């Protein structure tokens, strides 16, 4: 299925500033970039850095102070997600068989203090069968118990806060999902992307859990179809994969994000309840 | 019913230090002190301060530096708690009818950040009928979801922490109960006392909620019979009613606490579930 | 000196809501209310509650749901603050001589976690001579190290946060001042009021410390003249003395605050540095 | 210089448990392992995992429940640290020239919330010349302002806490150093190792900052000579590099750590003040 994605970010730059942007679609076997363009105004030589997480790409560039700056990205991306067999979803990879790449995602991180949530996670979800069942239950629980409300949280809000304050945005929902998974010894990582049907349009954040040897996708916001995401990056949490890291002094003045699919065959797929859920892997 | 209480606290005092102790039984119509004695070694003139909360009494004294200090308290106290009619328990005093004295107990305090728990409290307990039903449900929930484990928390642990970490001691259980009540606009206050049957013997902490015009007693630890408590003090939380406030430099070297009842008619009363609960007011 | 104060608060009220407003000038020997009026639209019977802190008055009223509500307060107030002799300012009341009324203000509260700041306070300010010198040094330190920036903090920000994040508004400055004083065993309390010359006009928050037997006024924001304040209330922190406590569901739609002095003899007095400071007591 | 290191950890294992140990000396050009042995009792096949951070090695093994378990590690290691030229230390690698490997260490992590410390770091250390000067000043500041006191903090204590509470152990000192560096856009990472002369003997934690193209070593505890460390691992913080990660249920029953140097030519080198400091790179 082919998606057309677009983003434009504008900044007022006060002092010489290095930006690291994470706005490009990642490259992988299941996500092929058919065409893309990246434009800056004024023109500035940008460097592409390949992330250690498979396929993530960062754009780094330095902008002069006392200027206005715009970056515009556009791509056509072919997505071929996998539906995972139930059989695999019932299998949990034990810690002593995880590769080093996945082991990282068991440890607590800036916004996902899984070390503090072990009793709670074990009490609430410990008795659910299979790793897949646990993560699906976590996802439902977040959906049912946390209120989606923009403007109530900020860039320092963490899973620890969200668990208590019960309000947040997609980023907070993802952090809480990740923290609860890790507290149950299930590797989990942050996922940012473009999302079809997100209203108002914005970048989206979800998470992936490592189950049966695959990274399975979960979205506790249930705001968008699960088969309409274009992945930008993975990371331990938003500290690794924020849309823009700014070193210097600049403020955002405008942001536009789009994600469209013109293929008449595209049927948005919503997971309605945990019973019917099948796994999906990007 | 007559209880005999005893406590002995010993300190190594390094610098001249003012102590404020909250270890004496409070005086009230339902708690009559038959006899009591307070001894310090060495002898130091102590001052009794009557707290603004009805009946609480504080002992204040100043100890020289570079010395050892012991305070010993002993009393015989006659307790006459009230069992509250179901009828009253179904009635909630609305905020606009509360006196100033009770209104205080609606506001967040050091260890009870009720302002951050409103969504959670409303989601979990908001639909329970009557104020009494809500507080009973909160008490059950804490009992079922928080693990009692000494040594896991410290004097800066607050309700916000306990809600997430799900472990603590009586003080933490009480703080969480208070915070959840206040988040539902039910006045709630901290209660410290001597407790019959507490094992190992120690000072105990519980809480009271203002329902139907009375302060009703709740103990989410369920460690002791609800009719075996001798009240020392009330307060917003442990900041107001800690056993010893120390201004100077001293460290505790030993503590002994006892609470006995020699009356053969005393029948320990445990609240077994929320259905059968009746209110109890000290 | 006579000040004319005015405030108007408007709300959209969704559900039946009880408001407790703290917007009236407090009454005391040094603050005489010459005339005042309180108007609500629509007309609603309001009740005045006298706070346990000397002179504070709260307005409580209940508003129907699905309505718009306005409260308007206007007063002419004669202020007669005291300038405190240097001699008194060098004297510190020891803990064992404090009355119960002042002792309260030694304990940590919701937004002033003094229990966690003892090492820091002792390291930074412990060696300064006299209680007055310590509080003046704290006030200067906050002024020099915390950035005044509205919009960066919210109603759950506490002294613990401000000490690290180094940004906030008058409320945060006051909380930090209070917490540091208490950490040094100096009683300190929150002060809200109308402030001459505050730009943009708003309610103001400062703090008072108990030194030499008087409550001495400090304002670490240095935004307004110290002799141009009309006191509304004192409290342990903003939990006790917020402008409006809302029990129900309502949102603020507009707020206007004014504080004027038409007396040609009024000379705004700014404390410029700690050397020249004299104490001022409201 | 050759060091002999030894550690023995014993556990009571309740349920089948996977351990990941980080106790082996890392391998690098400047740290050559002459001989080493790893023994477990009972014998259990252990797997060595090479960390993504150069040279770190993890031991992973699975222990049966209801058993006692001991792991014992012994090695002779030849250390050849580099002393860095002053010239290099005055040079700071700008963000837009960092490799992806170093960029990671600019972002906040579980125990190092650098995102919240930017104003403080900039105010306190922003005006110091050169990256080296800044990190040296941070190291001195921690040494002078944080009290080393074991038993006051725990495994969930973070830099945010330590900055306010001003007390901790080597792990807390390192986290605070790292957080402050990152807040100033200087990459910084956690360093664990065996330390000559540490009393009582234990594993040690310090940090490294990326300056002039090298990872320079800093130890804000000043407890041990800077030329007597054998590196075990690097990581973003203790979440990545804890001595033992335990998945299952087990409790530590005993721990022994040793680090000796029998070479008569070994001269312990202490950095006494920032003026004389030279950089050291492991």
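For clarity, chains are labelled A, B, C and D in written order, and residue numbers in each chain start from 1.
Methods note: contacts are C-beta pairs under 8 Å (C-beta built on N, C-alpha and C of every residue); 3 or more make two chains touch, one makes a residue touch a chain.
Predicted model, so just to flag it, every value in this text is computed and none were measured.
Counting only chains that touch, the fewest steps needed to get from chain A to chain D is 1. In this structure chain C contacts its sequence twin chain D using mostly the same residue numbers, the overlap exceeding half.
Chain C and chain D have Cα centroids lying 46 Å from one another.
Residues of chain B in contact with at least two other chains: 116. Interchain contacts (touch definition given at top) occur between A-B, A-D, B-C, C-D. Put simply, chain C touches chain B in their complex at residues 18, 20, 47, 49-52, 58, 60-62, 94-96, 100-101, 103-104, 106-110, 112-113, 115-116, 155-156, 185, 239-240, 245, 247. Interface residues of chain C, counted against chain D in their complex, comprise 116-117, 119-120, 123, 145, 147, 160, 163-167.
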